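Multiple structures follow.
In the two complexes below, chain A is the common chain; its partner is chain B in one and chain C in the other.
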Partner chain A sequence: MSLWVDKYRPKSLDQLSYHDSITHNLRALAKSGDFPHLLVYGPSGAGKKTRIYATLNEIFGAQVDKLKIDVKTFVTSSNRKLEFNVLSSPYHLEITPSDMGNNDRVVIQDLLKEVASTEQVDFSNQSSSKTKHRFKVVVINEADSLTRDAQAALRRTMEKYSSNTRLILVCNSISNIIPPIKSRTLLIRIPAPSITDMNKIFTTISNKESLKFSSNDSQEVNQFLSNIGHSCNGNLRKGLLSFETLSIQSETISLSPNSLSVLKLDWEVIIKNLSITIRNNRNVASLAKVRVVLYELLSHCIPPRIILKTLLFNLIETVNSEYVVSQLIELASIFDERLSLGQKSIFHLEGFVAKAMVAIDKM
Partner chain B sequence: MRRGRNKRAVITIDSDGTDADEESEDDLIEDIEDDEEEISGIVKRQPELVQPEVKRAKRPASIKTKTEKERKIKKETGTETETETGNQQWSDQYAPKSIDDICINPQKLKQVKEVLYDMIYHPDALTSPRILILSGPAGSSKSTTVKLLANDLIRSSQDNFGSYNNDKWIEYMDIASSDGFNQSNQFDEFMNDVKYRVGSNLTVVVLEELPNIFHYETLIKFRNKLREWLYMDTRLPPLVICLTEVEYNNNDLGVTPSYSYNIENNLTVDTLLGKELASNPKVKIVKFNSIANRYVRKTINNIMKYERKVFSQIPVHTLNGFLDELVKLGDIRSILFNLQLWARNYVQRKERGVDDETYLETSFIRENQINLFHAIGKIIYSSSEFANLADDKKDFYSIEQVLNSFNNSALLNLSILENYGIYQNGNYEISIASEIVDDLSLNDLMIDGEASKDFGIRSTRNKLRSIEVRSSSGYTNKLKIKFPRHFKMIRQYNKTMYQIKAYQRYVHRLRNTWQELNMIDGYYLPLIYNKKKQSRYLYNRLGGKFQEIYADEELGVSDLHGNDGHNGRGFDRDQFEVDIEQAIAELNNEEGSDDEEGLSDPIDDSIDELDENEDEDGERFSSDSELEGLISQGMI
Partner chain C sequence: MTSVLMNKATGKLDQYEEERLHHTPWVEKYRPKKLEDVASQDHAVTVLQRTIESANLPHMLFYGPPGTGKTSTILALAKTLYGPRLYKTRVLELNASDERGISIVREKIKNFARLTVSNPTTEDLENYPCPPYKIIILDEADSMTNDAQAALRRTIENYSSVTRFCLICNYITRIIDPLASRCSKFRFKPLNNDNALNRLKYIAEEEKINLSEGVLEEVLKISNGDLRKAITFLQSATKLSNSLEDVEMADEDGNFESETTSKITVNGIQEIAGVIPDDIVNQLANTIKSKNIKSISSQVNEVILQGRSAQQVIDQLHDKFILDDTINSITKNKIAGILFNIDKRLNNGTDEHVQLLNLFVQISNAL
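And then the complex of A and B:
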């Protein structure tokens, strides 16, 4: 009874349905039995991890899907115990450095050293592969959240242990990755699936699940599925979850555009309403109300930069003066930078809102 | 200065020989030793004999008359003070003997009296209030009030037994013990003993000293005992807790962030008892304030009548100048100490002929702490103390005052953000507000250095100054100063993150980042699962519902030790929690069967965490400096 997102997740390269050229390259890479360090990047929900696992599956066999979670303990120099989770199979392990906070440099170095120091034993008789895999794969999630420090340390480690470890760095954008790392890895970009790609997947699933739509006109159904695709901004994961949500609300899926309203994420709705408040009531009292909402979003772990970005796009929709739009974007860029530099995001979010009110006032 | 005093002290000895009290003689020896360093320890007793000779030669002639005068006065006052055996501190000497003499607002006195009366004479022993808490700053007559009232209320009713002359109150003493006596049970035993102090033996139980409540177990024991006391089904003596509220603000949020208020840094009724106990209907709370000037004046005037001899020598305007400064303290005990010291000093100086009418030695006055709310008020409205100065000076001194007495600038900045909007009830241009917030935002970028301490604060004051003052007549501040809700947000943040991470770790098995789970899955999953699965509970939004976070008018107290019930949780029990717990249980079984050593430990830990109150986990997270760094880096 798993979610569609898991149920229809491709397990091998053959099952992958879009970005055929990338799939082709990955297959070639897997065939060779060896590969350089990889840096896989692209927007979330595009299928980065799916492709990585499919490739690993191709190389090592189904064993890589037998995942277990270990809790590793690391003692920092200040004698504090730090625990983090490692997801591992016999052939690879996966870590998320944001679990480690500021100690990521030491932790990653330590972990890689440990991995590298144990020679990979390959039971090549069991897995019918042709080549001996004398390396273990380490997948580093959210590599863009690695501190500069850790990235710098990584580049030495990459060279030092390249004989028996392979790194796969995964991230959304490579703008935060330092050039030496980019140079030492093979960059693979996984773009978001197109609406057509997603449409195909939705159609396949709706056939397999034998879903009923309120109309049998394939044109209409297609249009409806495209709308779902649009609503999730190329995030297939989000798309599949929304599609399943829609399908489960009623026996037959109503094709009216209204039914899509349930798909709007709760926090997106909150930000949307926030933008309307900002547009309509531009005074000091309104700022206090805005603060309530900003704190609400922050307290639910919505990243401040996402709040800022979403708010900006919503605000742009409400104003029709190009000049103001350019002003808003400039303000957003200033406060976006401050968000990265500063300590407490509320100052900068409220700063943006206040300045935006003034900018709209001058319209 | 000091030298001069020595000299004169010597002279006093010299001419007054045997009369001098021992203390000044000892002082003298030390002082002389200071002066004459070459005298070694061996000849220590000698200076007594030798030094006066030396000094005498240096004695200026003019002083002689003064000294004799001084001696005369000493004798006069001496007879008076000697009769008051030993007890020479005015605060003790003139301690109120009856409730009418207490230095307190009569309204407050009446309020306490009514509650206490109700506690003693309530017709139904079971529903009567059982605990009275008097909270307030030090020296606001809390314990004096309750002790005198106890004697007054109980004695008057027991005239038949008039022979009792003892006090009608009993006080708990927390005695540190080294003889193996179990200290943590001491409070329990005390409470068990005093509960029989009813009927003809009626006594008010006063808790001024508390057991070591900074020790977690002791605090819990303390609260449990009080709870037990509330629900005991017999008549009990009234229990009065005098709590001096303390706020420690010496830790700078910017450097070592401690993102919440708890008993460690803030002793208040709420942190002591926990929210649940503090809001119990059988617990009455009376808040004392610093004593207002006129009540202090009344008390001082009374004392001045008795000490006419001293005060008659002080010119009225000098005295008043000093008193004006002094009464601001609002702490009667401290005021009396200072007054006594000052008055004596003044008289002595005068006797010595130091003609210094403007002598205002205020250095002994306890530095008046201002609390956060005062500090914010001074920044937002500027201090009324400097009202007659020019605008820029007014602002400068107000801010200076805040900076000197309140060094938690990170907290101040958060508070300004929370409160800049209350100026003129928010009726001013949005552009000015935007400049204030802009500067606060810039201030947040300054990590270290002096500027980061006051940039935002000064800029706020300046910007608010630039607002045109509207017709001030009939204008009232409708909006109250609020405590920043940052801490509330952090707590909620930790709760949410904790649940999502637990879900990610145990149910979702780490396949996506927890941020993704929060922003996407967290919304859709309940919509899917609630239709698809028949489960015992409903699935709520992952990480709890979105809740608006409001600022409070009181200090944001986190119920760190408030493990009383699960009210503090931000979300109801839902199926996600059940799933997580199940997953952990399964995992444990597996691990238990094949690998007992390495892995079971950390997992056990996580179970404990789950079982505990979420609040506490929140605390645990927020005390984690690594995580703090993380939060500050990007997530918050």
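And then the complex of A and C:
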């Protein structure tokens, strides 16, 4: 049994439910049998991947879903061997070069050139479109965390081998993509689904799974569903996962607002408590306690940037004075930069906490 | 595979070529073949043409913003000099997609530079100047490490009798001084509108695109002097507008030139380019002016959920505020400072949400 996220993932363009204009554009591209390099961006859980796969499905047929994982080895210039996972079907490859950290350039150079310099031969004449697919598609995940070097390496490759490969870059924000890449790709923005969009999806699923709610009043159910939508802040994947969690916990889903509290993740609750501590006890002793909590969070692999962001938003909610809020936001922005430049994240997180305490103290 | 095809049927090969051409992006398809075709870089082109006549080429350093024709110029120059056959042995093209560490400079570049020039056939000699040196093109030279650049210094001088170097970069400041001083520099300026417009019109005619009024102008405005961007936008827009029905009537016999009935509009271009519509920018500016942190924070959240690029927001807010006459110079100064700061932070790979929030709050404080 698969998760709802996978079970109800649209497989073809026709099943896609929201953002009709994007779907229309993608269909036009797919029909012509050819497309330029794409740069798909949008917040997480908005359905970027789903749309890409649906498009590929439309172009190449069901074979795209026959995925296998290969392990490729690369040799860096310093003769170190690297192992790298490549997800591939007969028509496309999917890679996450940022797994490799600083060595992503080698992957881009070697792998793409290898793919690009061999031409795709299309023997399947049964495909409905008359155009033959002389190209292979390479999907690059998390393109925004590619290093500058790797992105520079992409530039000429994209032009030179463009008759044999099509790239699809997937990322959350295009701020980190260098302009030469942007000027070589077709940008596709995928916004997060609206609350009503998500509501529709939740309703269809609850009908299909024939879920029972504690009350049959459709308005109440609707309200409950949109609460789920609100709590996941536009992230449909998160929304579906939490919805499934709720449905598994009990036979009938109780519609009381309390049941939603289960959805709060542990670390979110911890950070919320942290923000309250920071607000109430502003002294060195509590700073030491905060350090313990922060270390705990970091050791559970919560990314420092997420900690900072969540902490900031929790703090903003607890503080009333507008002046302090603007101070806090500025502090967060400074420490956010330091986090991404520095190595040891605990310093910067603690620095933020200390500065925040001082800022609130001055209120 | 190609050779087998060639023996069996040349007709197949033609069809194959045609299909391949159909898959090639326009940027490649319409890359200028001759020096004269390079749009709106009159200065560089005249100088280069004169050097062709005298068959004496200096080492060259091309610099300028993306999409102004640097790579196109040198490729066109090399083709005019050598012709297609000799081109393969006389030109070495290295770019950032190739390994270009110090070891490559020491081995590959040096070895190629050292080679004596091959003799051109008489046929080539008749048609092309075929000067007695090779050309090494180092594209995107600003992504070479300083060490690698330093290693080039002596190489350039040592083999100057048989090899000319052409460095291409966006930022001349990233090229170390000793290298820059060995080359004659050509600055490629952003294309002016007339020439770029002519080029776009030419492409539009060749591809039989159905355009509505003012689209080409809008494309130019958005692409901001970057011709490659403009052409890519145009192609993407055409692909998108080739909507469902006319694909079916096209290509029964490999004929890809579908008669497009649907038109490309200004809105469509904006959508493709990722430009934020004016009314949303105005709305953002108004929220900032309202100085209400609650509404600012919800507005920022909305922007992030819409998946807009923070960089684009900054760009357009910049235009908005700096051109706003109701704000006095001192405030504008402050705003520019804030925009600069946030832009820098975003470039350092920070979180868009936090930074945008900060940007909005800061500007609203400054106002």
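By definition in this document, the second predicted complex is superposed on the first by the 359 of 363 C-alpha atoms of A that agree within 3 Å, B and C clash if a C-alpha of one lies under 4 Å from a C-alpha of the other, contacts with A are read in each partner's own complex, and residues count from 1 in each chain.
The rule we apply is simple: contacts are C-beta pairs under 8 Å (C-beta built on N, C-alpha and C of every residue); 3 or more make two chains touch, one makes a residue touch a chain.
The model shown is predicted, which means the values in this text are computed figures rather than measured ones.
Student: Could you classify chain B and chain C on chain A, in the superposed arrangement, as clash or fit?
Tutor: Fit: chain B and chain C sit side by side once superposed on chain A.
Student: Look at A:L29 in the shared chain and tell me whether it touches chain B only, chain C only, both, or neither; answer first, second, both or neither.
Tutor: second
Student: Would you check which partner chain A:L298 touches, where first means chain B only, second means chain C only, and both and neither mean what they say?
Tutor: first
Student: Once the shared chain is lined up, is A:L341 touching chain B (first), chain C (second), both, or neither of them?
Tutor: both
Student: Figure out whether A:D361 sits in contact with chain B (first) or chain C (second), or with both, or with neither.
Tutor: first
Student: Once the structures are superposed on A, label A:E350 by its partner contacts, choosing first (chain B), second (chain C), both or neither.
Tutor: A:E350 sits against chain B, while chain C stays out of touch.
Student: Output check: A:A192 vs chain B and chain C. Expected answer is one of first, second, both, neither. What do you get?
Tutor: So A:A192 only meets chain C here.
Student: Once both structures sit on chain A, report the angle chain B, chain A, chain C from C-alpha centres, rounded to the nearest 10 degrees.
Tutor: One gets 100 degrees for this angle.
Student: Just to be sure I read the superposition right, which of the two partners does A:L3 touch: chain B = first, chain C = second, or both, or neither?
Tutor: First partner only.
Student: Between chain B and chain C, what minimal C-alpha to C-alpha distance in angstrom results from the superposition?
Tutor: Minimum C-alpha separation, chain B to chain C: 9 Å.
Student: Please identify the positions on chain A that touch both chain B and chain C, taking each partner from its own complex.
Tutor: In the superposed arrangement, which is not itself an observed complex, chain A uses residues 145, 305, 339-341 for both chain B and chain C.
Student: Can you list the chain A residues touching chain B in their complex?
Tutor: Touching chain B from chain A are residues 1, 3, 44-45, 49, 67, 69-71, 73, 76, 80, 82-83, 85, 87, 94, 96, 98, 100-103, 141-142, 145, 235, 237-238, 241-242, 244-245, 248-249, 262, 265-267, 270, 282-285, 287-288, 291-293, 295-306, 335, 338-348, 350-351, 354-355, 357-358, 361.
Student: Where on chain B does chain A make contact in their complex?
Tutor: The touching residues are 254, 410, 413-414, 417-418, 421, 426-428, 430-431, 433-434, 437-438, 440-445, 447, 485-486, 488-490, 492-493, 496-497, 500, 505, 509-516, 518-521, 523-525, 527-528, 531-533, 541, 543-544, 546-550, 599, 602-603, 626-627, 629-630, 632-636.
Student: Name, in rising order, each residue of chain C that touches chain A in their complex.
Tutor: So the residues of chain C in touch with chain A come to 1, 19-20, 22-25, 27-28, 66-67, 95-99, 101, 103, 139-140, 143, 170, 223, 226, 228-229, 232, 235-236, 239-244, 247, 251-252, 256, 272-274, 293, 297, 301, 304-312, 342, 345-355, 357-358, 361-362, 365.
Student: Could you please specify the touching residues of chain A with respect to chain C in the complex?
Tutor: Residues 25, 27-29, 31-36, 41-43, 46, 77, 108-109, 112-113, 121, 130-132, 134-135, 145, 148-149, 152-157, 159-160, 162-163, 173-176, 179-180, 182-187, 189-192, 233-234, 305, 308-309, 312, 316, 322, 325-326, 329-330, 332-333, 336-337, 339-341 of chain A touch chain C in their complex.
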